[in-house]
C-alpha cells in the first residue's frame, strides 16, 4: 500500500487526507500542534454564510475518523522534506511515496505595525483575537465595558511594502465586513467604522454581504489607512486617517480597534527552498509548478501543495485545493 | 350645513387672484354658463364620465345622486300636491310622511306613491351596490376601494342608514296608516300581517327618529366630509368653464378642485405604484384628502410618478398633477435668486443654424439618440445649432417637479436667453420632459418647439428624409407620459414607425399607456421599485411579439432597457438606421 | 500602556570624547542650555567634550528652505567632519535636531550613492584644502544625556516631583521630527514611541503624559514660519498639540529640538494674544524646557544660570512647584549683573512683578 | 489684539468626536441606502451641474455623513436635480431623494 505524508492538519490537509484515503492509500498527517484543524479551529463563523467554523471542522474530522487508513501524528513538526521522506523535529525520519505540503500560512504579527499600538494599548486587538472573543461569547473592552464605537482596520500587514508584505491577503476585507456585521449584531447601538484601502469582495455572496453591512447594519466605511493610534485622556483610542473620498484628514475616538492582520508566508518556506529545492515566490509563498494546469504540484516530482501554502486562500478554496492535491497525487502514483 | 358651505364658497371666491376674477367676470355672461349648466346635469346628477369608465360604478353613483335628487323634487311636488299651492321649502318633504300621518292626511295620490317608491328603490339599489362595493370592490370592477378616514366613515354610515331606515319608517307608517306604493305599501301590508299593531306603534316613533338622526348626522358632517363634493362640483364646473385652472403655486381656486373630490377611488386602480408596488396610501384621492385636512406629508406628496394615468380617469376632471405640483411648491419652494449664478456667461453650444437641437441631460446618457439625430440632420441637410452636445443646463422641469419652482425659473431663464441669443426659429428636442416645459413655460415666441418625433415626421412628409419601409420589421411603441398624456403627441411617433415597419400596439397605449417607472417626479420609490415597474412595462411590450421596442424618451429608454433583453431604441435610432 | 517597543530601537552612543556642534537656534534662544550641557558633560560627568570655535552652522535651515543646494550643504557638513578629525575626535554630537537629521541623511546618502561622497570630498578639498573622515559615532546631544541619565540621576539634588505633594510631575515630551521620523533606527525608541526624553523623565522621577497628538509636529517647518503669510499654518500645529495636551494638565513640556522648544514656548504667547487662551494651571501657560534645562534643574543649577529667563512662558510656577529657590530680582540680570532687558508683559509672562528694575525705575 | 499678520489656520481635520452626528444619523435612518455608496464617482462624473461648476455630490454627501454640514446646503443648491446621477448609480441610490432629504435636514446650516 502506498504511503503519503501530509504535512499540516488544517482544512486543506484534512480534506486531502480523506480524499486520498478513499482511494486506498495509507495517509499520515503530521500536525505540529496538539490538535488538527489549523487556523480554522480558532475561527468563529465563516463568511459569507456565517457557517460556524466548527461545523466545517467536525465534518472533516468525521470523514477522517471513518477512514481506517489515516494516521494523525500531532505535536510533530517536519523539518526536512524530500519526495520519499520527512524528517521530524524529534529526529525521526518517516519514509513515504509522496508528500503533500499543506502548512498554510502565518498570521502577520501586528506588533510590527507599532503605530497601531497592538500590544501597547489594551483595546487594540487583531481579527484573530476578536474571533476568539466571539468563540468565548465574551466581546468586551479590557475593563469589561461594552464598546460603543469600534474601528476595523483593513490591510494590516498586507499590501504594505514597509513591512515587506506586498501581496493582498485576500480574505481580510471579507472578514472585516463579516466581523462588522457580527459586532453590530452584538451591539446594535455601537458605531462600527471600517477603514479600508479597497474593498475586495471577490467571491460569491461577498458583495451582497458588503452591501448588507452598509445598508442594513449601517456600518460606516471610510477609505483610508489609519496613520496612527494614540490614547486619549478618557482611556479611549484616537485614530487618525485620511478620508480619501473627501480629501480631508479624519480624527475619531474609538473604544476598540480591530486590526485585520494579513497572511504571510511561513518561515519554514525558506527551509523548503534551500533544503528541498522547492521554488518560492517573491511573496514568500511557495510557487506551484504552473499557475493554471499544475497548481497542486511543486517543481519537485513527488511533492505537492494544498491550501494557503501557495497563496492566501479562503477556507472554501483551501478545501478545494485539498481535493485537487489528492487527485494529483493519485494520478502521479498511478503513472509513476 | 348650507351656512358652512356658503361661508366656504364666499371666502374661496373672495380669495381668488385678480386674473381669475377677470376670467370669472368674462365667463359669467358667455355661453359657457349654459354649457356649464348642461355639464352639471350630465356629471353631477348622471355621472356620465363614471359610466364611461365603469357601468356598474356609474349606476351606483347615478342612482344615489340622481335618485336622491328626484326623490327631493318629486317629494316636493307630492308635498305641494297634498298641502295645496303654498310655499313649501325644498326639504319640506323629508318628514312629510311622518307629519302627514300625524296630521291625519290620509288621502293618497297613487301616482306619487308609486313614483316615490320607484325612486326609493332606485336609490336603495345604489346603496346596496355601495355597500357591496365596500365589501367586495373587485366585483364592481374596482381592484381597490378608497380607505377612508374615521370621519368619512361616520358620514358614510349615516348615508347608508338614511334610505333603508326611510324605507322601514315609511313601511311602518304605511302599515299603521295605510297608503304607500308598491314598495312601502307592500312591505307595510306584510308588516301589519306579521307583526302586531302594538309593536308597530311602539317602533313607529323611534324609527322616524333614527331616520331623522341619520339624516341629521349626514348633513352635519357633509361640509366637512367627502360629501362636500356633492355641491362643490357644481361651482367647479362653472369656474372651469370660465377657464380657471390651478397653477404651479397654490391659489384659492384649488379649494374648489380639492373639495370636489368625492374620494370615489377611481384614481387608485390605474396607479402603477398601487398595481405594481403595492403602495396604497399615496394616490390622488389620499393626496387630496390630506391636502384638504392640512395633513399632507412630503413622503405622500413626493411619492407620485405624475404619469397622469389617474388624471385621465378622474370623473370630476380634477387637475391632479398640477395640484400635486403646487403642493410640492408650497412645501419646498425657497426663493433663491443667486442660486445658479455660476451659469452666468456659460455657453457650451456649438454649430450654427436656425434649427436648434436640445438633447437634454438624459439624452447625453443615450448617445445613440444623439448620433441618430446627427445622422438625420445630415440626411435632411439641416444646419443645426447644438445647444448642449457638450453638456448644457437642465431644462428646469425636474427641479420644478420637486417643487423648487423659483429655482427652476433661474435655469429656464438661462436656457431661454441662450435660445434667443443664437437666433433659432425651431427648437427640436428628443426629450419629452424638456419639450413639455419648453412649450408650457418658456414662452418662446418666435421659436417653434418640436419633439423630434414631430420634426422627423415633418421631414418625411416634406420628402427631406427618405425612409426604407420593410414590413418584416416589427416594432412596438411605448408612449412616454410627458409626450403622450403630457403633450398630447400620440400619432406622430406612430406615423414615423409605420413608415419604417409594422407597429404592434401594446395593451395599454396612448392615453392609457403605462409609465416606465423612472419618472423624475417621484423621489421616494427606490431603485428596486423602479425596476419592478420597468420590468412590467417591458413585459407588456415584449408580449406584442415585436422585435424592437421603441420609445421616444431617453429616460423611458433607459428604464425599459433594464427590464428586458430585447432591443430598446429611441425613435430616432430606427429612423437613422433605415434611411435610404 | 504596555510600553516595550522602544527597546527594539537602540543605538550605540559613545560614552566619552565628543566633538560638539552647536545649534543656530538653541544658542540664540536658549544660550544657557548649550553652556550647561558642556558644563554637565565636562564638570559633572567628567567627560571629554570639545566645543570647537571653528565650526559653523550646518546650513540646514537654508537647505530646508531651498536656499542652499544639496552639494553645498554636503560640503559644509564635510567640513564639520574634517574639523572633528583634525581635532582628533571620532564621536560627533550635535545640539540641533535639524542638524542631526542632516548629518544622518547625508551619511545615508553617501552610503547609498558613494559617488556623491566622492564629489563632496573633491568639493571640500577644492574649497578648503581639508579632508574628512566620517564620524564613528553620531548622536544628538539628547542621546548623550539619555546615555548618562542614570549617572545624572545618581548625582541629582532633586527629582521631578512636586515639592509640596511628593507626586511626580506630569511631563509632556516632544521630539523633533527630524530626530527619528526620517530614519526611525537613528533614534532611541524609533519614531512611534521615542524614548530619548521619556527615559530621562522616568529616570529622574517624573511621569510621562501620553496624549493623542504626541507625535504631531510643532509646526516649525522652515518654509512655513519663514514666510509670514504661512505662519497661520505653522501656529495651527502648535495649537493642535497644546489643545490635545491641555486636558492632561501637564506641569511642563520638554523638547529635544531647539526649534520646537522655541515654538511651543513662543506660540503660547501668540495664541494667548490671538485667542485669549492660555494653557496650563493658573492661566500662565505651560513652561517649555529644553532637556539641558531639565537636567540642570535636577542637578541643582540656578534657573537663571540655565537661561530660563529667556523663556516666553514664565517658569516660576514650575520652580515653585519643584521647590527650587531662586532670586526673582535676578531674573533679568545677565552675567556680571548686567541688565539684559525684559520682555513686554503678556499673559504668559506675568510672574515676577518685583524685579529690581521695577523697583529702580 | 496685536495684529501678527496671520491667524491660526483652522484644522481641516474631520473630527468625528466633535461633530454633531445627529443630523447625519437622521439622514441615514431615513435613507439607509445612502450608506451603500461605494464612492465610485459615477454621479459626479455624469453631473450636469458638475460640468459647469465645481460641485461634487459624492463628496458633499460623504462629508454630511461624517457630520460636516457646513456649506453642504449651499453646495447642494448647485444641483439641478436633472436625475442623471440616479440613472448611473451602480448601487441604485435614489440620489435625487438624498439631495432633497439632506437639504431638508440641513436647511439651518
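Structure notes:
The chains carry the letters A, B, C and D, assigned in the order they are written, with residues numbered from 1 in each.
Note that in this section contacts are C-beta pairs under 8 Å (C-beta built on N, C-alpha and C of every residue); 3 or more make two chains touch, one makes a residue touch a chain.
Treat the numbers as computed from the prediction; the structure is a model and nothing was measured.
More C-beta pairs in contact connect the chains of A-D than those of the other pair, out of C-D and A-D.
One inter-chain figure worth recording: subunit B and subunit C are separated by 82 Å, centre to centre, where each centre is the mean of the chain's CA atoms.
Taking each chain's centre as the mean of its C-alpha atoms, subunit C lies 45 Å from subunit D.
Subunit D has its Cα centroid 38 Å from the Cα centroid of subunit A. Centre-to-centre separation between subunit A and subunit C, using Cα means, comes to 47 Å. In subunit D, 11, 33 are the positions where the chain touches two or more neighbouring chains simultaneously. By the definition of touch given earlier, these chain pairs are in contact: A-C, A-D, B-D, C-D.
For subunit A in complex with subunit C, the touching residues are 111, 114-115, 119-122, 228, 230-233, 238. Subunit D meets subunit C in the complex at residues 1-2, 4-11. Residues 298, 302, 332, 336, 339-340, 342-343, 346, 348, 361-362, 364-365, 391-394, 396, 398-399, 402, 404, 407, 411, 518, 520, 523-528, 555, 558 of subunit B are the ones that touch subunit D when the two sit in their complex.
The residues of subunit D lying in touch with subunit A in their complex are 11-17, 28, 32-33, 35-39, 58-59, 62-63, 65-66, 68, 91.
Taken in their complex, subunit C has these residues touching subunit A: 1-5, 190, 192-193, 210-215, 247-248.
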